[in-house]
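Only one structure is covered here, and it is reproduced in the block below.
Naming follows writing order (A, B, C, D, E and F), and every chain is counted from residue 1.
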C-alpha cells in the first residue's frame, strides 16, 4: 500500500477539524430539537442529518457526482423542491375563511413588513443588499419561500436562513404572544367578533387560485413559480375531479420532496460557510424579523380597528404571517384567555391564510427588485 | 432604483401582449372543460394551468433553470414521462378478453388507418412530412404515444397535438356513434355475438407481455421504449409476485408523472407557437383522424363479418382504437340500444385493448420511417 | 423510400445476433426465477425485463436521451438509487436485538471475510484488482452495496455482479446449511442460548444510527453515502415524530426506486459485455463468496464459543451477513432441528443485523482502498 | 457602502411594501367581485358526479359503514370467546386496521383510472 | 414540395399499415400458439405461495378469511333479501377482493419487504 | 501482473478486515456505553405526544371505535328501513371498496401536515 493510499484512508480523521466537529454538534442539536422538542421535525431532523453528513471529511458526497451534490442540483439549485412543496401546501390549505372575509387580506400584506424592516437593519450590519434581503425573507415565515429567494440572492446563506425560518416558525407560540400583548390594550383584546358563515360558491373557490395566480404573477413575475404551484395545488384541491393529483400532491410528492429537501438544505451547512459571526447575526435577525412581522401586523390591525369603529380585534393583524395554522391559534388563545366567550379563530384563519399568499408575493417582489 | 429595475418590475404588464392573453384564455377553457365537462380532467386541468403559467411574461419559468423548463427537460425532452405513464397503463390493463379472442387483434391494426389517412391529408395542407406524421398520430387516440412521437418529429407542435388527442379521447362517446351508425346497416348492428368464457392460463397471461414486447420491438424498434414499458407494467400486474411494484406503477408513479406531464405539456403552449392557423388545422385534423380511425375499423369489421359468414358484428371494428374503455363502451351501448339482448362488451374490450397495442406499434413504425 | 430507410427499418432483424438472443433468454430465465421460484422477484423481474429490452437491436434506448440511458444516468451512475434503497431498508430494520446484545457485532465483521477471500481468488483468476474487489463484494450479500461498489470500480461488471448477489441472497437457505453443518459439531449446534429481554431505552435507539454513521463514516468515508442513508432511514423509524418520512421511505421511495433500479441494472446486461467467460467466473466466484462468508462467520463463532466457555452457539457466526432475515432464520432452523428446545432466533437477528452494517463498512473500506 | 446599501434597502422597502399591498388589494377586490358575481350561480358548478367509468376516487361511505359494523361484530365475538379475559388494546387496533383495506383492483375502477391517463 | 411530401406520405402509409398489420398478425399467431401450448400446463404456474420469510405482500389469510367470511355472510343475506334474485359470478369475485386488506406494519411483513430490497 | 494483483489483494484484505473489525468494535463499545449511560434516563425521552396541531399521523383508535360503533348503528337502521327493499348490485360493489376509508382529510389533520411543510 503506497503512503498516498494510507493517507487517503485516514482522511476521515486527518480532515476532522474542530469546526467540523462543531457543525456535527449543530446537526445533533437540530435532531434533538426535532425529536425532543418537536420543532418542525419533518424538516429539522433531515436538516440535522444532512448537516452531520456534510461535515464528515473525505466522503465526496458534496463533490460532483456525490449524493448530496446530486440532490442539491436536482432540487435546490433549480428551485424544484420548494416549488413542489408548495403544490402540497396548496392542496392542504382551505382558503374558505379568507373568501368569506376578503378584507383580512390586507392584514397579510401588513405583516410582511418584518421582511423589509429586517432587510434595513441587516444593511446597517454590513450585509450587502442581496444578503440583507435574504435574511429579511426569514420574515416571510415560510420555508420554501426562504429557500427559493435565498438560493438566488445569497446561496451561501441558504443553510442558516432556512434553519432560522423553520425554527422560529416552531417558536411562533412563544415569540408572538408577548409582542401582541405589548402592543394592544386589554380593551382591544376583548373586542368580540361574531362569526357568521357566509356560503362561498364552488365557482369562487375554483376561480380563486386562478385569479390569485394571475394577480400575483403579473405584478411580481418572479413569484410565478411559487404562487403558481401553491395555487395549482389549491385548484387541484377545489376542483374535485382530480382526486389522484390531489392525493399525490398531499402525500407522495409532499413526502418525498420533504425528505430530500431537508437533507439537502442540511448539506449546505458546511463548517467554513456556517461558522461565521454572520450566522449568529442571521439567527438574531430572524428573531427580529418575526417580531417586526407581528408588530407591524398588530399595528395595522389597530388601524383597521380604528377605521371600522372598533369592530376589528387588532390581534388579528398579528397572524398575518405564513406560519399556518400556529399563528391563528395563538391569536385565538390570547383572545380566549382574556374572555372565555371570545372566539377569533375563523377570522384569524382568514388573516393567516392571507399571510401565506402575501409572503410569496413579498418573496417575488424582492426577487424582482434585486435578482 | 435605476430605470432598468423599474422596467423589469413592470415586465408583467409591458410584456402582456393580446396573444398571451388569448393563450391564458385557452388555458382557462381547458380548466373549464376539465372541471365542468370532466374531459380528461387529470390531464386537461394541469395542461390548462401550465398554459396559463407559460404565458405570463417575465417569469423566467421557461428559461434555463426555470421550473417549467426543468420539468420539460426532465420528462418530455427525453420522453421519460410518457414511458412511465405507460407502466401505469400496462399495470391497469387486463388483456384477458384479447387473449380469449385473439382474432380481434386485427381490428386494432385496421383502426390505425386514421393516423396515416390524416398524415396524407396533412401533407396536402402544406405541412411537411414530419409535422404531418405528428398530426396523424393524434389518430393513435393515445396521449403518451402522441407526446412521444410529436416530441421527436415536431417538438413545436407537441402542445396542440396533445391537447387535441386528449380532448377527442374525451369526446369518443360523441364522435364515434354517428360514424359507426353511418357505415353499418341495422342488420349488421343486430348481429349477436355470444360470449363464452375461455379460461386463459396464468402462463399465457405472463408470457403475453413478453411476447408482445419482442414482436413489436423487433419489427418497430423505435416503439420499444413505449411498448416495453406498457408490457412491463402488464407483466408486473400478471406476475402476482411483485405487488409493491404493481401498486407503485398504478399509484405513486402514475399519479406523480401525470401531475407533471400535464403542466409540462401545457407549458409548451406559448403564444407565438400556438396562435397560428396551423393550430386550428391541427385541431380539425385531429377530429378527422378519429373519424378515419372509426371508419377504417368499422369497414374492416364489415370485411371480417363477411369472411366469417356474419358471425362478427362490424361495430367491433370501431373500437380498435386506444381510447380505453370508452370506445368499447360506445360499441356495447350502440349494440344494446338496437337490441336489448345484445351484449358486445367483452368482444369490444378485446378489440379495444388490441387498439392499445396497435397504436403504440403505429407510433413506433412512424418514428422508424421518419425519425 | 430510400434504401437507407429500409435498412434502418429492418435493423430489428439485421442486428439480431445470436448473442443478443442468448441474452434475451437470460432475461427470460431471470423473469422465470422471479415468478416461478420467487427468487427476489422485486429485483430479478425488472432486471430480466431490462435485460431483454437492452438486447433488442436498434431501439436507441441505451443511447444518449434513450430511456434506459436516462434512468442509468439518473440513478446508477451517481449511485442515487442504491442510496435511496438504503433509506427504505434502514426504515424497515429493527436493530433492537443488536442493541440488546452488542457483542454479536463482531460476528458481522468476521463474516465479511468472504469479500476479501473471493477478492484474492479472483486476482489469481487474472481479474485486475478493481474487478476482483467488485466480484468479492458479492460476498457483502447486499444488493445496493454491490451496485454501489461495482459501479465505481468495474462498471462493466455491474450486471453480472448484481444478478449474482441477488440470486445467492435468495439461495441463502440452500447455500448456508451444509457449510454450517460441516464446520460445527453436533455438540456445538446443541448449545442453548437463553434469551432475556433487556429493555433498550428510546434514547439509545435514537442515538444508535447517529453513532453508527459517525463511526463508519470517519473510518471509511467512502461508505458515508450508504451508511448515512441506511442510518437516516433507521433514525426516521426510531424518531417517532416524522411518520410521513418513515412511510415515504418504506413505501413511495422504496417502491419507485426498486422498480427503476431493477430495469436499469438489467439494461447493463448487453450481449458484448455479458457473454464472456468472465461472467461465468463471476457467477461461480459469487457462490464462493457466500460460502466463505458463512465459513468465516462460523469459525469466528467457534472462537467466541471457546472464549465464552461454550456459551455462544457457533452457528450464530454464519448469519453475520447482510441477507436479512433469511440468514437468521436458517440458523434458527438448524438449531431447532437438532434440539426442539433451542431457540436461537433473537441472537441470530442480532448477528444478522450486524452483518447489515458490516457489509456496508466493508464496501466503503474497499472503495477507500481502491477507488 | 453601508449607507448605499441602506439607501437601496429603503427603496426596496418602499417599492416592496407598496407592491405587496397593491397585489393583495387587487386580490381582495377580486374576491369581492367573485363573491358578488357567483353567489347565485353556485348550483351550476355542481359537485362532480361519479365518473363515466362508474368509479370515484373518494371513499364510499355506505360500504365503509358496513365493514366497520362487521369489524365491531368480530371484536365483540372475540371478546366473548375470551370470556372477559384479557381483552386488550390489540383487538381495537385490529378493528382500526380494517379501514386500510385497499379498494382492490376491480376492473371498472381500474378502467376509471386508466381512462384518465391514456 | 407538397406533392413530394404526399408521395412520401403514401410510402409511409403503405409501409406503415403493412408493418402494423404484420406486427399484430404475429401477435395474434403468438397468442393462438400460447393458448394451445399452455392450456394444459396452467397448473404448473401455480399461484405464488407464502414466501420464505413467512410474509406475503398480499393479505394475511387469517384476517382476510374473517373479512371474507363476513363478506359472504353479507352477500348471502342480501341474496335472501332479494329472494332468489340474479346472484351472479360478480359477487364471488368481489368476495375474493376483500382479501386485499393491508396487514399493517407487523414485524414479519416488514422483513418480507426488507428481504426483497437488500 | 497476477502476482502483483494478488499481493495488492493481500494488502487490501489485511487492511480491509482490520478496518472492518475496528469499525465494528468501536460500534460495539459505543452501544455498551449508550446502554450504560442511558438506561436510567429513558423516561426523559418520552414517546411523542399528539402534536400541537392536535393531529397524529398514526391511526386514532378512539375515533375508529366511535366510527365503528356509529357504522353498526347505521347498518342496523338500514336493515330495518329496507326490510327486503331494493338492495341493488351497486351495494355489493361497495362492500369491496369499504376499505378505502382514509383516516380522514379532516381540516385539523391537514393543518398538522401543513404546518410541517411551510
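Just a few scattered comments:
Everything below uses one rule, namely that contacts are C-beta pairs under 8 Å (C-beta built on N, C-alpha and C of every residue); 3 or more make two chains touch, one makes a residue touch a chain.
All values derive from a computational prediction rather than experimental measurement.
With steps allowed only between chains in touch, the distance from chain A over to chain E comes to 2.
When the C-beta contacts at A-D and at B-C are tallied, the pair with the greater total is A-D. Two copies of one chain, chain A and chain B, form a contact in which under half of the residue numbers belong to both partners. Centre-to-centre spacing of chain E and chain F amounts to 29 Å, using the average Cα coordinate of each chain. Put simply, the C-alpha centre of chain A and that of chain C have 41 angstrom between them.
Inter-chain spacing, taken between the CA centroids of chain C and chain F, is 25 Å.
Shown for chain D are the residues that touch two or more other chains, namely 11, 15, 19, 45, 48, 51, 58, 66-67, 73, 97-98, 100-104, 106, 113, 116.
Residue positions 1, 9, 35, 38, 41-42, 206, 219-220, 240-241, 244, 247, 252, 254, 258, 369 of chain A each touch two or more of the other chains. Interface of chain E with chain B (complex): residues 2, 5-6, 8-13, 15-17, 19-28, 30-32, 34-35, 38-39, 41-42, 44-45, 47-48, 57-58, 113, 116. Of all the residues in chain B, the ones that touch chain A in their complex are 1, 5, 8-9, 11-13, 16, 24, 28, 31, 34-35, 38, 41-42, 45-46, 49, 52-53, 56-61, 65-67, 70-71, 251-252, 254-256, 258-259, 263.
Taken together, the chain B residues at the contact with chain E in this complex read 98-99, 102-103, 105-106, 108-110, 112-113, 115-117, 119-120, 122-124, 126-129, 132-133, 199-204, 206-208, 211-212, 215-216, 219-220, 240-244, 354, 357-358, 361-362, 365-366, 369-370.
If you check the complex, the residues on chain C that touch chain A are 77-80, 83, 87, 206, 210, 213-214, 217-222, 224-225, 228-229, 232, 235-236, 239-242, 244-245, 247-249, 252-253, 368-369.
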